[in-house]
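So that we are looking at the same thing, I have put the structure below in structure tokens.
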Amino acid sequence: EPEQKDVTIAVGGKVALYYLPLNIADLKGYFADEGLNVQIVDFQGGSKSVQAVVGGSADVLSSSFEHVVNLQALGRDFVGIVLQGRYPGFALSVTPELGETWTSAADLKGKKVGVTAPGSSTNAMVNLLLKKAGLTPDDVAIIGIGAGAGVLAAVQQGQVDAVVQADPATTLLVDEGLAKVVVDTRTAEGSQEVYGGPMPAASLSVPQDFAEENPETVQALVNAMENSLQFLQTATAEEILEVLPSEMMVGGDRDAYLKMIEAVRPSYSPDGRFTDEAMNTVLAVMKEENEAVGNAEIDMDATYTNEFIDKAIAGE
Amino acid sequence: MNSQPSAEGRADFARAGAAIEPALLLENVVCTFPSRENPNGTYCAVSDTTISIAEGEFVSIVGPTGCGKSTLLNVASGLLDATSGRVECRGAPVAGINRHAGYMFQSDALMPWRTALENVVAGLEFAGVAKREAEDRGRAWMARVGLSGFEHSYPHHMSGGMRKRVALAQMLILDPAIIMMDEPFSALDVQTRQLMENELLDLWSADRKSVMFITHDLEEAIALSDRVICLSAGPGTHPIGEFVVNLPRPRNVAEISHSPEFQRIQREIWEVLRQEVLKGYAQNKK
Amino acid sequence: MNSQPSAEGRADFARAGAAIEPALLLENVVCTFPSRENPNGTYCAVSDTTISIAEGEFVSIVGPTGCGKSTLLNVASGLLDATSGRVECRGAPVAGINRHAGYMFQSDALMPWRTALENVVAGLEFAGVAKREAEDRGRAWMARVGLSGFEHSYPHHMSGGMRKRVALAQMLILDPAIIMMDEPFSALDVQTRQLMENELLDLWSADRKSVMFITHDLEEAIALSDRVICLSAGPGTHPIGEFVVNLPRPRNVAEISHSPEFQRIQREIWEVLRQEVLKGYAQNKK
Amino acid sequence: MSIYHIAIFLTVLLAWKLTVETQLMDSFFIGDPVLVFGKIVNWFASGDVFRHLWVTLVETLVAFGIGSVLGLVVGLWLALSPLASQLSSPYIKGFNAMPRVILAPIFSVWFGLGMTSKIALGITLVFFVVFFNVYQGVREVSPVVLANAKMLGASKRQLLRSVYIPSAMSWVFSSLHTAVGMAFVGAVIGEYMGSAAGMGYLILQAESVFDINGVFAGVIILTFFAIALDYGVGFVERKLLHWQPREARTIGDTA
Amino acid sequence: MSIYHIAIFLTVLLAWKLTVETQLMDSFFIGDPVLVFGKIVNWFASGDVFRHLWVTLVETLVAFGIGSVLGLVVGLWLALSPLASQLSSPYIKGFNAMPRVILAPIFSVWFGLGMTSKIALGITLVFFVVFFNVYQGVREVSPVVLANAKMLGASKRQLLRSVYIPSAMSWVFSSLHTAVGMAFVGAVIGEYMGSAAGMGYLILQAESVFDINGVFAGVIILTFFAIALDYGVGFVERKLLHWQPREARTIGDTA
């Protein structure tokens, strides 16, 4: 029996494929099955959802795991309870002209690179790539262009030469022939190339106190998520699509959407567990890219727990 | 013109003037305002009024307060459209602003954002007169109305009488062919008033303008005019008497009031008006 | 009080009144305004003026236009602080609004968002009189000033003279101990004016209020007052003459002007004023 | 609503449709009026939209009401108290220039994720618009009318009720027309920044899946309600300001 | 800027610091004044901020200028042309209520990601504030002053210059005070939604990594500039409106 039945989950950009496991759990009623009454509150950006949970107006955070590490550096103890994605799913796409001659991130020198927002994970990815290529962030112009229709406009009008975006923006860009993917972290190889290992993506996390006070609630959440992840592993793309309401279908184009689901499927975590390798990767990346994390002592063991997910798997 | 207690010879002058095209003609004018007393009610301020002013004629209009004098000037100046009736100026129907007329309003109408001098020269400025020349003429007019030294004062820093004099200069500087004045001198002391009246007469006699002059001061009306028209009390105001003033010109406003002819006319007008006011007052008082 | 051409016996009345605490006392009042002509300049409108009004005394103030009459009323009513000098009302210095006084302004001061009746009863409303009673008294006053039937008209739908009468009723309905009026009747025709003057005299004689009355009409000033004060032309206005009017009361405003005493006083005042106006005018005209 | 309004409306729609059809602009960015219309019909037919609309309308109305009253009260207070006005003026100006979106997270800490935080955001927008106009309106009171009321014995409170407020009314209403818009903007932006219901939420959802027609459908529905609310304000305005002097007109005046 | 203003300012800072120290409120949301101050000093010392500040100021000023002039012109036009006003009124009201943030992507389609799109956003905010006030201001012109000017022979154009505009000036300035804030909001929100530089960009960057001190540093810098701009408007206002009737004062009047 969960201690707290009504749970508010904060998420920035709910309908993004990035958070598909959460949406499936909600839409297929897995939360309800566990006796939870979940309300998903949507925010305009990831950082806004974090603020809502820190401020106590939401209980559970569905965000990229990097936020959990960042929060610890700021003295806010959150624990990741289940991982939704094992690869970030971002892709660096460049204009077709640039794509033809593309060799490495060094080609970005002097170019305008669009990211979702300055300081965000997409910005961090650009910085990493630049560093690998021996450049600094000052060698390019970083432009915040959001993740909506503005991305297509910016590329179409040549206001950016390259963008780092998740899906659906990436797929849409490619389908429209506006851009070519050159670095793709939707796959293990891409993640390896950029981050030096499997980079954890979306996760569910809760404040430390919440986990201590409501272990049954957390367990129920994790159970539901585990079911959702299993479903994603086993179901066909069509079956997944069945679950989703039409409002979530990007551009209303069924075939395109199926293709998109296929493309991102490998990036979902197969079991929801946090692996040591992933934890090391994210710490290393964050140490370099985030000033607060760079200056802080981070105890990675405190940022996540596999206790609940292990129970959930065992309970199957 | 229901009753006409005194229709002397000079009345023919007015008639004749009318025949050879009056400077200003109001014919069967009716003005009905929406009334506030009841939602769909109306208030007939002026009913079936015919007034004709010949070229060069000085006509005063007197009547009980609230009878419709200002309303008539508004109609004659083209600011207000009559409910029915014909308004003509020098033979042409008045549509929109009457361009031949200068109008000095009863209430404060100076532009508060302009200094006295800027107000006086406003009309010249609108007519495209060069700034230098306009200011020179403006200064001269400020002096004529006794306000030298107040050129740069704003209206709200002037007394009621000073504002009136600025308004007077503002209108007269344009030298309009038809002058309409609504109680222009009521805020002035007797002496200043006489100076201004003489100023007006000088101007008028120089090139015989037509004047439509509203006043509550019978002496003033008689001293200045060729003809005095009395209006009845409202509602449904109409002329109830017309008095031709045959006193010789040029007249000195301060002295003329002692002549017996003057006093006779004054008594006559007084009588007509007194009954009218009492009637209206009784009516109102129920 | 530099010159005092006529200091009859009744002047002692005023003096005596002053000794036993005048209703209103202005002592050595100076009013200097910032001038617009040059940035740091000043304009001394009133200089070193002493005026005392006894309880129950009716005092008229006359003077050339723009000399500072309204300024004095503003000081006496507490609306304007004098640059220097003492202002007392019934023995207490006036600080802030003079609560004993009712003031009828020279310019339109009605609240445009209230109908005539609502304007008339405003003072009663402020004093907390019940709505029903206030309206009844308001209606009666509307009738007294001859405006029955216009209760629900807004000020801008009324003529100039009608607005003045509403303002009159608005002030008198409060029955103030000291009545100050700034050219109250100048927008009224002669007959209505006499009706209103008589109305005012009735009210005044009923319980002997003190009145400070500004007018440009000498006949009016003499007919109504116990004393007429003449002011000099500005700048630096000060009293230059004080005339006690010893005509018997009750007076009928329409008839009194024929008495020889009346005409003598009128001539005297006239003479004093005429010189003053010409002086001011010549000065202004340079 | 005359025939002309409808004609203009149809012309705009036609121009929009033509722009899309001729590919003058990409329908991906400006949508397609037919699809937008379909979306609106669909929303209302399925009843999905009512819950969201209700939330947004309540937020808007409450923000509009509270914000206007606050603006009125503070505006009156500061206009009549020169000291308070002088001391607070830099802060008021500063707050007015503060991008409110940045306050959204703080509001959700204080007021939660429900309607209250959106209302708070709306109030911060409405308040200033009304405030500045009331402040100026009070200072524009005719000095002689004010002096007259004082002489008639009005207390400070009565001056406020009988002179300052009526005199400033046309200023207030002018600002209310702007404020209607601001209240909607506040509610929708608040929802857009983070919420679980409301038209802003709906629009954010549509935007996330690049459903530009959904975005426009939401915007158009909001617009209609804004116009309706504005008509309401105009109605009250005409009732309250019927005393205002306009150019005189006689009956039968055809001008 | 008197000693009182400084005293109040220090009190506010102290209260802020105390709130944080006593954990009355979480410094995660309201930052720490000392750190905020450090951040500002740092930004200026390193010169990082100048580029961003410049961008935002230019956007703000241009939006303010164009928006105000447009508001003035359209306001005058519609106030003097009843037909145009009647036909366009629902559209104006609708646009005013449209949540502008949602238009940001469309603006970047039309105007690119540079300054122009932010200026456009700012204009849409400034315009309506000025417009509604000018519109009302013109209709409040004293009928008798207007009639007088007409009788003095003023043409339509001269009426505009000599009567309508001066008479509406205090309305315009009242709206300009609100508009200063709106211009800043427009620029910052625009940058926040997508840009390569500007204070909004800086704020968003800080927000992404939960650097609330950075956010506040940005907001405070903006606020100071807004106050400065507002003083500029106030200065021009006092110059242009010095004719306005206020309660009469004598020299030496101590009240």
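Per-chain residue numbering starts at 1, and chain names A, B, C, D and E are given in the order in which the chains are listed.
Convention: a contact is a pair of C-beta atoms (placed from the backbone, for glycine too) under 8 Å apart; a residue touches a chain by one contact, two chains touch by 3 or more.
Keep in mind that what you see is a predicted model, and the values were worked out from it rather than measured.
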Chain labels contacting chain C and also chain E: B, D
Shortest path length from chain A to chain B (each step joins two touching chains): 2
Distance between the centres, which are taken as Cα means, of chain E and chain B, whole angstrom: 50
Length of the line joining the C-alpha centres of chain D and chain E, rounded to whole Å: 17
Geometric centre distance via CA averages, chain E-chain A, whole Å: 38
Touching two or more other chains - residues of chain D: 26, 29, 105, 109, 143, 147, 192, 207, 244-245, 248
Residue numbers of chain A (touch at least two other chains): 51, 55, 148-149, 153
Chain B, residues touching no fewer than two other chains: 33, 79, 107-108, 115, 154, 156
Complex contacts: residues of chain D adjacent to chain C: 144-145, 147-155, 158, 162-163, 166-167, 169, 243-245
Chain A residues within the chain E interface of the complex: 45-47, 50-51, 54-55, 70-71, 74, 76, 112, 117-120, 123, 141-146, 148-150, 153-154, 157, 159-160, 290-292
Residues on chain B engaged by chain E in the complex (per definition of touch): 77, 79, 97, 99, 101-103, 105, 107-115, 122-123, 125-127, 154, 156, 167, 170-171, 174
Contact set on chain E toward chain A in their complex: 26, 28-29, 104-105, 108-109, 112-114, 193-196, 201, 204-211
Chain B partner contacts - residues on chain C that touch it in the complex: 33, 36-37, 62-70, 106-108, 115, 143-144, 146-154, 157-162, 165, 183, 186-193, 195, 216-218, 270, 273-274, 276-278, 280-281, 284-286
